[in-house]
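Structure, as structure tokens:
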């Protein structure tokens, strides 16, 4: 029997990238017909594009990530329709026994009413009990999964018993404009000016995504911050 | 404690629709500038559009469904990016204890190698064991879910222990062209001529979807069948 | 020879619609699991959705228009990728000799530098000269088009000489969320709070679009205005 | 006054690219969980994906082109919604006087009825007359454009008189799957098995696009040909 492993972190790896700030500038300058400028002018142009909602030049930058997150995080991620996904298949492969459990930092109490929830840290008891719940269900489910496989049950049937805390992995190919929309909804920073209520775990993943994407198009993400993290 | 319920069927309800065969004809005739024809000519036009891959007129028909399926089916569904989804939220609501279990008709044996699997009926023992596994995990997980809620753990944390067999529900708004693409990938019929390997349960749901959509645009789906179920 | 006709208005006709405010409410309530409310509560919900950028429920409303605008307007329109188009084809049909000319209200002077243009009324002479230019080129081009057709030249070749001022017509099927994005970019009103620099003629068409769409989902467009015409 | 220039070729330049056959293989193998294979196995995998309509891995390859084509070609191009465009703006820039004229190779006669047109070469007279028509209208229109600018008329008004034969330029960023869909509709080759009726000029441009894209993902396009040029 495979050994179950628990983790709480979100796995994000930058696999490939196309273009950068210069691509945004080139794409924008085809519209205006102006020649390529010096770095200061290019920064000014990118700022102008972000401020005035000329979003399409930001689509000239494309990044590809490999992501490892629990299914409950992946389900939110796949709601973003502008971009490409390739995910591990529970129909064709034997899955890996890796499951999520909340850390002590994960806020556990939901306070307030729908539409205006806030979250607060849980007590020590709440933390222990929810980790026990996550671990016990994962172990029970994994055993049931392996038992079914041992009986010759198809993978696509056996996997139904696995919980949403199961880690999955996928490739995500996305342009910088769609990525900024993702970040504007799935991450809160000090620069955020728009209503944003991300799930704790997707916020963590989005933070890593952003740090990596920023290396690809530094000025673009600086402009995104400067204009309140409204996607252009 | 809520009483757990098990079901195996896929819930599909037609909520609303816009247009029909006449809309496809009108959208196509704006291109050709020809006047509206008699029913026989309209049928001929729809057939011509489907055969020659003039797909955009089929986007003039829009249907909206309410769907109730297990999460493992919903996950495949949400891969279809041309269309709109609104799904019950495990962050904001207390979920319902409804879970999937396979029926006796559900093929349980996966035969062959990746890319060329076929499925065969399971033995009586296999059927019984997989149903027991589905039921036991669902019960364990549901108890763990309710226990966490009783302790004041946030819904969005407690729900992580629930299995992929949990039923979810969502609205799906989709045009007839995107729907035909969905059907060409997610359903096999006698008219299918393209390689298609749907999951058993999504095939069942797709069958109901198609039956309902057919009432909205009879000739369009007849043409879809006639041309081998290739999406136009 | 066909008689050339000049017009300056934008033609917008509502052909069909699916859903309304109630569809937005239903789509949102599937997420929250709450029961349908009274009208005041529904208005409150729609406002909350618009304010907090819960955009997907607005996709449950779909409208279809027939549009008649010059090619230079249609070219901007077709940049909007979420929606469906069926346009008259210059390859398959003999086009109609209907061309745009600016009215006296159309601002003719472009003042300032790129990225910060403003427009001012033209002088009487400028108005007369630009109308003469529009008319003379249209007449020359139309004659050349008809002459080529008379010589047996294919429609798809002959039409190349026609100017961007030629009227075209198309069906547009679009959901309310994508429509609000269109309106936020293509129309300025007193409620506009975001940077928006629409072409004069598309702003005129967008005004008519909005007036018609508003009859389909009154509260949704009221919320759109209330929150500064930021698309949800 | 600027000197008018006429051209008949389509300008296609590969600006940037991300990934290649190896990216398709990696994206597919995340689904199946299998390790990277040798070149022969990778070719086999790509063929299998193309044959069995597993299209999403082909989205892991992205290419960016700079395109120079007449407006009547660009208008067809911009109907393809999965991809990104940045085009020269007639609102913000003074356009260049470059216009299309048909070569002697361009078929000029449209034979048959709608939906089943074929094209045949024109006579010498037809060729001469259509070239004269293209040239005369372009010259008349360009003079009218410059005269309006000289009078201080806004660029966005003056440009309305320019014909569809005017060359425009744009950046196009597109993934290999969407590109194959474009090619399946806009280009005919000996390998084509699906109904395809491209405009002569877009077919020429698509041929150049394909030659360049092929260098980025050789096996992918070989598989596309092998399976009849049906987009996966």
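Letters are used for the chains, namely A, B, C and D, taken in the order the chains are written, and counting of residues starts over at 1 for each.
The criterion applied here is as follows: contacts are C-beta pairs under 8 Å (C-beta built on N, C-alpha and C of every residue); 3 or more make two chains touch, one makes a residue touch a chain.
Computed from a prediction, not measured in an experiment: that's the story for all the values here.
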When B-D is set beside C-D, which has more C-beta pairs in contact?
C-D
At what distance in angstrom does the C-alpha mean of chain D lie from that of chain A?
34
Once you find the CA centre of chain B and the CA centre of chain D, what distance in Å lies between them?
35
Starting from the mean Cα coordinates of chain C and chain D, work out the distance between those two points in Å.
26
So which stretches of chain A touch two or more other chains?
32, 56, 79, 85, 92, 114
Please classify the inter-chain touch graph. Allowed labels: line, ring, star, complete, other.
complete
What residues of chain B sit close enough to touch chain C in their complex?
15-19, 23, 26-28, 30-33, 56-57, 59-60, 62, 64, 66, 84-89, 92-94, 169-171, 173, 175
For the complex, give me every residue of chain B touching chain A.
70-72, 75, 78-79, 81-82, 85, 90-92, 100, 102, 106-110, 114, 117, 119, 122, 125-126, 129-130, 133-134, 136-138, 140-141, 144, 147-148, 151-165, 199-200
Taking the touch rule as given, give the residues of chain D at its contact with chain B in the complex, in rising order.
32, 34, 48, 51-53, 56, 79, 114-115, 185, 194-197
